[in-house]
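Written out below as structure tokens is the structure these notes cover.
Labels A, B and C are assigned to the chains in the order they are written; within every chain, residues are numbered from 1.
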Amino acid sequence: MDYDFNFAVVWRNWDLLAQGLGLGLSLAVLSIAIGTGIGLIAAFGMLSKLRPVRWIALAYVSAIRNTPILVLILFTYFALPQMGVRLEKIPSFIFTLSIYAGAYLAEVFRGGLVALPLGLREAGLAIGLTEFRTKIYIIIPVMMRNVLPSLSNNFISLFKDTSLAAVIAVPELTYYARKINVESFRVIETWMVASLIYVAACYIIASLLRRLEARLAIPR
Amino acid sequence: MNFTLFFADLWTARMNLLNGLGQTVLISVGSVFLGTLLGVAVGLALTYGHWLLRFVVRIYTDFLRGTPVFVLILACFYILSVVGIDLSAFEAGVLALTLFCSSHVGEIVRGALSAISKGQTEAAKSIGLTFRQSFVYVLMPQALRQILPTWVNTATEIVKASTLLSIIGVVEFLLATQQVISRTYLSLEFYLFAGVVYFLVNFAIEQAGRFVERRIAIPN
Amino acid sequence: MTQVLKITDLHKRFGDLEVLKGIDLTMQKGDVVSLIGSSGSGKTTVLRCINLLEDFERGTVEIAGEAIGYRHDGRKRRRLPERQIARQRAMTGMTFQQFNLFPHMTALGNVMLGLLKTQKKPKEEARSIAESWLERVGMASRKDHYPGQLSGGQQQRVAIARAIAMNPQLMLFDEVTSALDPELVTEVLAVVRDLAADGMTMLIVTHEMRFARDVSSRVVFMHEGRIHEEGPPDELFGAPKTERLQGFLARSEF
């Protein structure tokens, strides 16, 4: 293989790559925050006593989980305006990724809720807390700590999914990588650097989250 | 929404869409098949390999799992042509999905094999089975049952990820749909339609997986 | 004498199974009543109805003269709104077989939660009440430990402090020792005994016959959803009248 490696072209654009990485991370953080809210509502919905509520929550979760995220992204950005809902690129992507995250997190939270001992809720009620407060002070905090590892994994997946924002020209890491690729023709270098940045970022995020998990874990 | 127009256009474009769906199926089946073969090898290497082999394979899986599939697809598509391996977009895409699938299957296989208790291997040895015999008659049958649900899940992930090949110009189902949209301007209707089709495909795969799972379940 | 608890004609069914077939029970302030009987006799269900953890279909439960759980609109019987139910639940303190401590809070946090959120006490007051009850059950030195760091007996003592710190009119103990290793039973029973000696009104479901005999002012034997026999402990254990109770006592270990 005769190929002269030249990383200088890629490095010259390090500021773009850094910006892209920063935007990708911000998109993932925002989406997991909103998605957690949606996921909690959907999880309690799936466990509701009311059949229609259960049905709606279940329909949402399985529809989103079985649809490719690219279709969802394109749908929100290109098809929703036809219904009069016109969102800018970045809000549109955050919207999609939050809805997407919500469906996956709903499954995680549902599992966490089902695994809690029944007595926990009863103990909350017994000291005079309402159902709602029992959820806020006891059920949700305990469940959240139990599912932290899944939450971390979901965050890393979401971060990787932010690469798809490039498709609607949101300037994150993959978008800039394509741009550098086209402008410099240093194809191998560009994609090696781009994927290495992703791998390194995922690795660092994962180890930071492991530490956070250890700190938030319920002592025993 | 304009249903009359939609159905008329759907009928006109039926052959194009069916071809696209055919491509999607071909891509998915091909990648899952090849990815599983490679993945089993990866999993075995991770479990039983010499430490050097384990180390190398570990880097391979971690790298692939840390890179977004989209970046993987773009990298395969752009890089291979530069280094003189002439692959079509279709082939480059299938290669990327195969690599992606193999890293996931490898991890699943390793997890399943290491989850089977040491006692099983010892019991197999104690009745005089060789390593190969104990693997074939004792470990593999148990591991396969464990692997199945996650493997089916990986298959649906691949179907969803196959939509990303549309970006490098493979006319699979999503790109076929987009081509129809560019002719008809019915983005809402056709994106919804695409979502429903993907949902049905994945739902069918999931149900088939559950069916097999029930059939081969160990009674208890 | 003030009446603390009055149960009249309490009925409860789970689907087709009628678990309580008309229970009548009254307790005065300072009474310590033990409910005994084989499993499935409905004794735990009585406690859970009093704490409104179960709905019941017929009959009334009054605590300190207030009918709890339901109100009557003419002939219709309706469950009270949630806030009322929550307030009424706090009139009784409940401890559970499985302790049910909140795993994400320290012992002190467990005891303080109800004081802060239900009784809206200021933080400092809640803390000092909680600390004094933890002291009382011998857990002061472990107040900053999490439930997962405590033995079963210690957890149950914290659970008792959590319930009693709310200053309930009536304490309900649901088989407080049956999930404990034998060597931990004594420390928990000692706490209950201590509270009884202090004049706390208590309704106790237990399998520990010796303990029931020692601590109770009255013992109630339940069988198949009915009260089969009741009386002072010496009478009930010394000279059981019915054959069922005789059989039950013969099978129970002392």
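One rule holds for everything that comes next: a contact is a pair of C-beta atoms (placed from the backbone, for glycine too) under 8 Å apart; a residue touches a chain by one contact, two chains touch by 3 or more.
Source: prediction; values computed, not measured.
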Inset, instruction - Check every other chain and keep only those touching both subunit A and subunit B; list them. - result: none
Legend entry - Pair of chains ranked first by number of touching C-beta pairs: A-B
Inset, instruction - Kindly work out which chain lies most centrally, taking the average of its C-alpha atoms as its position. - result: A
Inset, instruction - Could you tell me the distance, in whole angstrom, between the mean C-alpha positions of subunit A and subunit B? - result: 21
Inset, instruction - Provide the C-alpha centroid distance between subunit A and subunit C, rounded to the nearest whole angstrom. - result: 45
Inset, instruction - Could you tell me the distance, in whole angstrom, between the mean C-alpha positions of subunit B and subunit C? - result: 56
Legend entry - Residue ranges of subunit A touching subunit C (in the complex, touch as defined): 117, 119-120, 122-131, 133, 137-138, 141-142, 145, 218-220
Inset, instruction - Sort out for me which residues of subunit A touch subunit B in the complex. - result: 1, 3, 62-63, 66-72, 74-75, 78-80, 82-83, 160-164, 166-167, 174, 177-178, 181, 187-188, 190-192, 194-195, 198-200, 202-203
Legend entry - Residue ranges of subunit B in contact with subunit A within the complex: 62-63, 65-72, 74-75, 78-79, 81-84, 156, 159-164, 166-167, 174, 178, 181, 187-188, 191-192, 194-195, 198-199, 202-203, 206
Legend entry - subunit A-facing residues of subunit C, complex: 51-53, 82-83, 86-87, 89-90, 92-94, 96, 98-104, 113-114, 117-119, 146, 148-149, 159, 162-163, 166
